[in-house]
Structures are given as C-alpha cells and as structure tokens.
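I have a structure I would like to understand better, so I am pasting it below and will then ask my questions one at a time.
Naming follows writing order (A, B, C, D and E), and every chain is counted from residue 1.
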Amino acid sequence: MRNLLPLLLAGTITTLKIFVLTLLFSIPLGALVARGRMSKNPIVSTVINIYIMIMRGTPLILQLLFVYFGPYYLFGASYDRFTAVIIGFVINYAAYFAEIYRGGVQSIPIGQWEASLVLGFSRAHTFTHVIVPQVVKRIIPAMGNEVITLVKDTALAQTIGVAELFRVAQSASARQFSTTPIVIAGLFYFIMNGVVSRLFDRFEKKLDYYH
Amino acid sequence: MSIITVENVVKSFDALGVLRGISFTLNEGEVLSIIGPSGSGKSTLLRCLTQLERIDSGRIEVCSMTMAHSTGGTIQYADAKTLKQIRLKLGLVFQNFNLFPHMSVLRNITEAQVNVLAKSKGEAVATARQLLAKMGLEEKEDAYPCHLSGGQQQRVSIARALALNPTVLCFDEPTSALDPELTIEILKVIKDLAKEKMTMIVVTHEMAFARDISDRVIFMDEGLIVEEGPPDVLFNAPAKERTQRFLSRYGQ
Amino acid sequence: AKEQKSLEDNSLEKVMSKGRFVMGLDDSFPPMGFRDEKGEIVGFDVDLAREVTKRLGVELKLQPIDWNAKEQELNTGNIDCIWNGFTITDERKAAMTFTPPYIHNAQVVVVRDDAPYTTLASLAGKTVGYQAGSSASQAIDDSPAFKSSIKQLIEFKENLTGLMDLEIGGIDALVVDVTVASDNIRRSGKAFRILAEELAPEDYGIGFRKGDQKLADAVWEQLVAMHNDGTLAQIAIAWFDVDNTVVGN
Amino acid sequence: MRNLLPLLLAGTITTLKIFVLTLLFSIPLGALVARGRMSKNPIVSTVINIYIMIMRGTPLILQLLFVYFGPYYLFGASYDRFTAVIIGFVINYAAYFAEIYRGGVQSIPIGQWEASLVLGFSRAHTFTHVIVPQVVKRIIPAMGNEVITLVKDTALAQTIGVAELFRVAQSASARQFSTTPIVIAGLFYFIMNGVVSRLFDRFEKKLDYYH
Amino acid sequence: MSIITVENVVKSFDALGVLRGISFTLNEGEVLSIIGPSGSGKSTLLRCLTQLERIDSGRIEVCSMTMAHSTGGTIQYADAKTLKQIRLKLGLVFQNFNLFPHMSVLRNITEAQVNVLAKSKGEAVATARQLLAKMGLEEKEDAYPCHLSGGQQQRVSIARALALNPTVLCFDEPTSALDPELTIEILKVIKDLAKEKMTMIVVTHEMAFARDISDRVIFMDEGLIVEEGPPDVLFNAPAKERTQRFLSRYGQ
C-alpha cells in the first residue's frame, strides 16, 4: 500500500500526458478537418467524410493497433509506442471534434454573416471575430462530453503497451491480490473527470454574460 | 440628385421569379417606402441593393458607381473594390436586428468603424457614444444585446448602421419583431432621421407610418412595382385596383 | 485465505456432485490452451485435463478468462482451477493451493534472429517486453541484475502484441515461457530465436483455490496414474515432440 | 482464412447479443433513472445524480470489473460472466440514456404542458400522448450516437473473458500471426455501425413529417 | 347572468406583486377586452382564470362554482373534480398557439374531445370538421401545424378550444405572433364569434379591434384595473390620466 500510490501517480502522469497532448493536437486538427468536411470541393469533402466515418465507426482500441503496427506491415517502418498512442488518439478525437465544430458553425444564424457582410467586414474578420466566438460558446457542452470521454479512453493506451493509470492499477491488483488499486484508479478517473467538468462549467459560466 | 438608380432588375430563385423587372430611382434626402403583400419581393429588393443577393439582369447604380449591369445577356458586377465602396454607401437595418450577441452595445457600433473604416478606437467610441445618445441609450453602452428589449436592440442596430455614415439607410420592416408599444419608439427614431434629411428606403407594413414619413411610396406585388407616387395620392386615391384591394384590408 | 483453511475442505465433493470441473484458462496461450481454426479450445493442458476429468468421471468445462483477472476468477468461484501453463511461484503458493510440478518450463528471452544479442548481459540498455500478469514479470523481478541493466520494461495485454512489437522493433526482446516461445516461432515462421541463457527455470503446476487440497490431490493422483501408464508421455510427444513432463520425478 | 469467417461470425453473434440485451434493458431503465433524477425528493435525485456521475465519470472497463468481481468481495457471491457483462453495460448505458431523456423532456416548451392542462388532459395522458412522442423525435440523434458507441464498447466485454468479436479476432490473430482478423473485425464493426446509423436515419426521416 | 366573478384577486411572483387586487364580473354573451401596457398583468390574470397560476388571495367564481376563495388569510381551492369542471368551462387561445406539433390538425381538435369529454371518435371528428369549416380550413385537416401559416395555426388553436364547447373563450394577444395581413383573418374570426354571442375575454394590443368588438373594456396598469367601461367611453373620453397617456401613444 505504501508503494501503491507513487506507482499509481506515475501511471496518472502518463495518463495526463496522453490527455494533454491529445487535446493539444486534436483541437486544432479538428478545425482543419471540419474545414475540409465543409469544403465545396466534392473530393476533399468525400475523403474527409470517409475518414470521419471510419474514426467514428470502429473501436478506438482497434485504431490504436493499426496506427502502431500498420506502418511496419505496410512500409517496414516502425516508431515509438507513445507517439503511436498520441497519433491514434489525435486522429480519432480530431474526427469527433470536427463534427462538433461543424455543427457549431452551421448553428450560427445566417444573419450574423449577412450583418457582417453589409458592414463591410472581410470574410476572415467575420469568421474570427463574429462566428468563432459564438461557436465556442455553443460547442462547450459537447466538447465537455467528448473531453470526459477522452479521460476514460486513455485507459485503452495499454493496448499497445503504454503503462498508463489503468494498466498500472491492474498490474498492482494482480500482484497484490486485491481490487484496491483498481478502486483507487477509479477514484482517480472520477477526480480527473470532476476537474474537467468543473473547468468546462466555469468556462460555460464565464461565457454566460450573453446568449 | 439621384443616389440610387435601379433599372429593370430581375432576380429568380430557381424557377421562382421574385423580382420581375424593377426600376426606380432614389434622390438625395428622399424617404422611399416600399409596401406590398408578403412574398412580393420587398426584402429581396433590399437584399439585392445591399449585395446580399446577386441580380440576374438589369442595372444598379449607387452614388454614380455602377454596381451591376447586364451586357449581352449576362450580368456584370463591378470589381471588388468598387463593390466594397458601394457597400459602405448603403446601411441596412435588419428585421431581426442581427446584432452581434457576444459584443457589448458599444463594440457592436465601433467594430466596423475600426476594422472597416480604419478609424482609431477613440474616434469610433466617440461616434458610437454620440449615436447612442441620439437613440436615448447612453446608459446601455456596456450592456449585451440579450439584456435589451427588442426596441432597444433595434435602436442599437440603427446606430450600428449609422456609425459607418452611409449615404442611404435601408430598413426591412424595422418594427415587425417588436411589441406595439416598442414599435412607436422606433418609428419616432426613423421620423427623426427623416427630419434630418437622411436618405432612406423603408420596407414596412405600417401604413400610417409610411404615409407619415415618406416622400414617395412604392407598392409592389408579385415582383413588380404596381404603383408609385407620393403618399397622399397612393394612399388616398390609388390608381390601380390591386393597390386599392391591398389598402382596403388595412382600412378595417 | 486463513478463514477458508479452517473451513472443512469439501472441494472434491462439490466438483463430484456437480459432475463438472471448470478449468480456467487463457484461450490465447498456445500451445497450452488456445482456439483452433474451428474456434475450439485445444492445447496440451486441455488434453491433459480432458483425460483427467474422464478418469474422474466428471464433465470438463473450459472457461476462457482474462489473464489479468485470474485470481479474482478463482476466488469468486467462477472456475475450479487455473490450468494453463501456470507457473508455480512462492507468492502464488501463498495465495492458492498448487499441485506438484507436472512439466518443466523456463522464462526465456526471444529476440529477432538478426539481432546481435546472445546473453542476458548483452541486453543492457535495451527495451524488454512481457505479458502483463504473467510469470515473466516475476522472473524479471527475481533477476535484479538483469532488471536494472535494461532501459525500459513494457507490459503487454497479450503475448501476441508483444511478439508483433518485437517484430517491428518496438522492443528488443520479449520475456516469455519457453513453451509459448518455441511454439510461436515454429508456427509463425518468423525470424525469431530464443537466447540460450534462461532467465528463470520454473515449473508449471495447477492452481486451486486456497484450501481446495482434496481436489488438487485428486487431480494429481490421476496425473500420476497417467504417467504410470504412459498416457502423459503420449500427450506430451503429440504437442512437444519430446516428453518434457516431470510427473513422478 | 477459410475458417476465419465462421469464427468471427460466432464472435459477432456474442457481440450482437450483448448489444441487443443492453439496449433491451437500458432503454427502459434509463427512463426510470431519468424519472428519479427529476424527482422532487432531494434524496432520490441526489442518489441518482451520484450514480449517473459515477457511471459517466469512470471507465466502463473498470465498471465491468467491479460488477463481475464486486459481489464476491462484498457478499461472497459470484455469478455468470455474461450476465455480468449485461448488467455492467445496462447500468452504464441507462445512466447515459437517462441524461438524454431528461434533456429531451426539458426541451419541450412549457406551452405544451399548459395547453394540455387547459384542455383538461390528465398528467399521464399529457406525458404519454403529448410529451413523449415529441421527446422521441428530439432525442433520436443523441440516441443514435450513444448506440453507435455501444457497438464499439462491446469490445470491452473481453475484460471479463466474454469471447465477443474483438476477442475472437485477437485470438485468431495470435494463432495466425497476422492482423487480418483484426482488420476484418474492424470491417464488421464498421458495417454494424453503418446499419445502426442507417436505421436511425430512417427513423429520423420517418418522424420528419412534423417539426 | 354573471359567468365569471373575480373579487380582489392578488397574485405575486416572489416579491413582485403582479395582480394587486383585481375585481370584475363577466356576463353571459359579453365580450370583454383587457388592454394595458406590457407587464401590467393581463396574461397573468388570464392564467389565473385558467388555473395555469394559483392566486394568493381573493375569490374566483365560474358558472356559479367557486374555484378559489380566501378564508382567514389562506387561499382555498375547490376539490379536483370541481376544478376540472371549471377548467372545461373556460377555453384559452394562446398567444403562440401551442398546437401539438406531432398531431394532425384534425387530431389536435379531436384529442381532448375523445380523452376528456369521452366523446366517440366519430362524434369528435364531426365536431372538428364543423369547426374547421367555420374557420375556412376544411382542406387542412390532415396537415401538420408546421405546414400551416401563423394565421392558420391560430385558427386551428381557436377550433381546438371551441371543440370542448367552453362557456367562455379567453384570448391572450391572439394576433401578436402574426403578420399584419394574417392578423386581419383572426380578428374576423373573433368578430364572427362575437356576433354569435360567444362570451369572450380578449387581451389585445389592437385598440381599433378592442373598440370594435367589445361590450366592455378594462384598462390595466401595474396589476390594477385603472379604468373600466364601454369602449365608446373608454377610448373617446377616458376618465383617468393614465388611460389617456396610454391611448395617446396609440393615436399617432
């Protein structure tokens, strides 16, 4: 028990690394994907649509296996497992985020674009100063749900041998013949999710000055 | 002096001919009301003038700049720079305001001044405050649109349009989204603008108001101008049977 | 566990009266227990268990389990034993009741055929993998010199993932049971080899719930009988080409 | 390869069993949970809220371990693993469905209740004939997303040793030393999700006669 | 004969006194209009009559049944059965219609007849068709509300209320969500009902209309009845300064 907490904390660090890096890359990548999905070029939008469908239509655990082992079987190249986890999570979450962004942009009344146009704003200015700030507010609840799912999904990183929190807890559990480590891990996830929802709630409140 | 010249403008949505050959001119300082039944194309006409829709054929000229004209069956729009200049000559006040909900009242009014006219922040704020005072909204500059009544929102949207100092101000049913009592506030604001000789085009269902402020009234139906004239003539002695029928409904 | 000891051991009666013996195994652990192409669970241990239960006159039920949760499975009574290339360790002995060893095994190190490694020492500074919850982890813990010489240890949920990772170079070596290793190399035709230097010699036993001594004894009796009449050797040769069993030694 | 497909199909049957049984129980259970969550009794609503928070705040994989092994550690009782998988999935999904139902009910304009009241409908009649039909229409998209997630989550049943599709594919992979079974499994999931979205789309269209 | 008697009704939302002692009676066949500025409590009054809100004190009697009355400082509502009976005496037409969007027009009108009045399906449909014919909506019985114009929706909601054969029909700003031209349709429907001697209470902002149809007009402000009287008197010679001020705004 004395040694359990440091162990679990080390696993938690890995979990948090996966969490933070995934968000760091998938949030902007999702914007690019959303852009492609809404593209007027039918090839681009179809390709992106297929990508999104695959990401949303197959288990993440399976995607992780592919991302890690695929390159070797296809091109003979191999790389670091942690990088693979990050790539796997990023391309998966970017697809989900993209669909949230797209829904957000399409929910902004056309009148906002029209008012901006009549006032002479450039498209870029309209997008960054009129549309995006409103989209951000609208997508917070959906993003919050997705980010909480991410906290839990980090447990799948063990599939390709990354020793995140749940893996560490399971090993400790097997070693110590007890479910205590798993209970504690559950608590950790619960706390992390609590923090995430709290942050999102606060962000939502912060943007509550208008509706 | 003619500020807007519209010649034989045609506009269809797919098969639906919404404007079927509209011509009129607007002179400086003139207030033009456009009335007509729902679906007659009034909003579409304003949207064509403010470049929210492209016309299919005809000619539109604003402040001696040609915005669009037909040549040999195809429509030719001016270059981007001219279009932008023309855009700034025309202000539009939307039926449902379309204020920017995430910006304070002040920022709604300064944003375009700073980013489009490239005015300094201080200058923009000064103009905005002046306009807010005129609209009786001095105390609302830090409020957000959602905390204003419909009438106040509409006044902010008028101030937002005026801040760019347009030559012509267009209104699309400025009171249709308002409670009857609030309506009166807005009509008063528009009347005051008319007194200041602001050139305006007002699409409205408020007949009494149209009669009151207009120098000229256009009655549209099914994408055509049925009748046009000074309010006294058009309201009291309409020449066309269609106009009579329309006005009689409002007589009660 | 103490509490169970004080209870009367009716483990054998329970199985006999149920008429059913539930064997817990990892169904992806060739050649001890795995699914053949028809989806049937087969393997060396499965054949042994079939013979034993036939002789005991009970039905054999094969229960695939998640290897990480094998202790819980046993303790909660979902299975009667863990019989699947199950290494006897002191820690496990303290927690459950074992039969004597029936086959010899060792934790060995598998490397890519073209890799330069020949000894455990040559793996210093390298990355080594093993299956989570397997006795490989114990074997590594028991070789502190080896453990401290390597750069990083990677846990896999499945030996397969570990072998795939070995193939693509994600790890430099995989610690695994010799039986599993030789079987995999033989069947896959992949360019792997086993280091001659063994990490930890060990024995496979059958694990029962702590205190289920009578059941363990009954199973062991049958294994001894099978050794005496040659059935055991016959099964071993069918799977390993040699008789590597240690019953009766 | 000849024998691979029958194997994977057998795994698919298990996957489908988990899928169907989970929906069968969690859809009505979710309604009960939602009812409790909206209860005026603060004890009931708090307890239900905590249950929902736990279900949504910890990884499903961990919940499955608890549901299966927990009863033994707590009461010395143990039971069938397949039952445990179903219980685990049902209590998890009921929590998610409950929140969707609640959102749906709360999104119905109060005017619908008032009109029903003034017309003299009983509360029960109002609920079953006025509110529920409208809620069903509104929650279809959210339910669709959740059901697709369920298809993918069935892969977690292997945690407690149920041989569903993904488990079977991994075993086949181990035997054949190839990723082909996993690719095929991915395709199976993709097809199942395709079918699910198609069904939801059709259902959505069917209710498109009003808005 | 007095159908509704309201005596000293008080209703607050938290600290806000919305009705501060309202008394009036409504006689059979009478049309009563309630006018007044926004927030004066008109809707709340109708909602108290139709049991959508509970009053804090006072007395309400409908068709000789006591709905609620104060005894010793606490309000006493009738038993559930009586309340249900009273509820059926009063029909309410909502400002925003509140039709059931998932039911066809016909079913919107038959649902309560079958489930509340326990009429047979055939009888209910016959009544509904009769009412739809009266509203000029014969062809819309299979349509869904979303496919109707605002005016048509409003007429369906009137038919829905009439289908229960109420003694009194209450309207809360029946035209405020409608386009001006559609407004006229609805006002005509209400006028026709008045001609048929339907007892009605109409909250409205349409002064011309209130004057036209009412037997009596109540002007409310800040939760009180400021003035009450026949339309000729109230509109042409209001006694109170507050009424004059309010009406002058509508005079233009």
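Just so we're on the same page, contacts are C-beta pairs under 8 Å (C-beta built on N, C-alpha and C of every residue); 3 or more make two chains touch, one makes a residue touch a chain.
Note that this is a predicted model, so its numbers are computed, not measured.
Student: To get from subunit B to subunit C along touching chains, fewest steps?
Tutor: Steps on the shortest route: 2.
Student: List every chain that touches both subunit A and subunit D.
Tutor: The shared contacts of subunit A and subunit D, listed by label, come to C.
Student: Treat touching chains as neighbours and tell me the shortest step distance from subunit C to subunit E.
Tutor: Minimum number of steps from subunit C to subunit E: 2.
Student: Using mean Cα positions as chain centres, tell me which chain lies farthest from subunit A.
Tutor: Chain centre farthest from subunit A's centre: E.
Student: Between C-D and A-C, which chain pair is linked by more C-beta pairs in contact?
Tutor: Comparing C-D with A-C, the pair joined by more C-beta contacts is C-D.
Student: Using Cα averages as centroids, what's the distance between subunit B and subunit D in whole Å?
Tutor: So the centre of subunit B lies 53 Å away from the centre of subunit D.
Student: Between subunit A and subunit C, what is the gap in Å from one C-alpha centre to the other?
Tutor: That pair's centroid distance is 39 Å.
Student: With chain centres taken as the means of their Cα atoms, state the distance from subunit A to subunit B in Å.
Tutor: Chain centroid spacing, subunit A to subunit B, equals 46 Å.
Student: Residues of subunit C touching 2+ other chains?
Tutor: 69, 72, 164
Student: Return the residues of subunit B touching two or more other chains; collapse runs of consecutive numbers into ranges.
Tutor: Correct list: empty.
Student: Where in subunit A do residues touch two or more other chains at once?
Tutor: Residue numbers touching two or more other chains: 65, 69, 179.
Student: Which pairs of chains touch each other in this structure?
Tutor: The complete list of chain pairs in contact reads A-B, A-C, A-D, B-E, C-D, D-E.
Student: Can you list the residues on subunit A that touch subunit D in the complex?
Tutor: Where subunit A meets subunit D, its residues are 53-54, 56-62, 65-66, 69-70, 73, 148, 152-153, 155, 166, 179, 182, 185-186, 189-190, 193-194.
Student: Applying the document's contact rule, which stretches of subunit E touch subunit D when the two form their complex?
Tutor: Within the complex, subunit E contacts subunit D at residues 50-52, 84, 87-88, 90-92, 94, 96, 98-102, 111-112, 115-116, 144-146, 160-161, 164.
Student: With touch defined as at the start, can you tell me which subunit A residues reach subunit C in the complex?
Tutor: Per the touch definition, subunit A meets subunit C at residues 65, 68-69, 72, 78, 80-81, 158-161, 163, 167, 170-171, 173-175, 177, 179.
Student: How about subunit A: which of its residues touch subunit B in the complex?
Tutor: 109, 111-112, 114-115, 117-121, 125, 129-130, 133-134, 137, 209-211
Student: Going by the contact rule set out above, which residues of subunit C touch subunit A in the complex?
Tutor: The touching residues are 68-72, 91, 95, 129, 132-133, 137, 154-157, 161-162, 164-165, 167-171.
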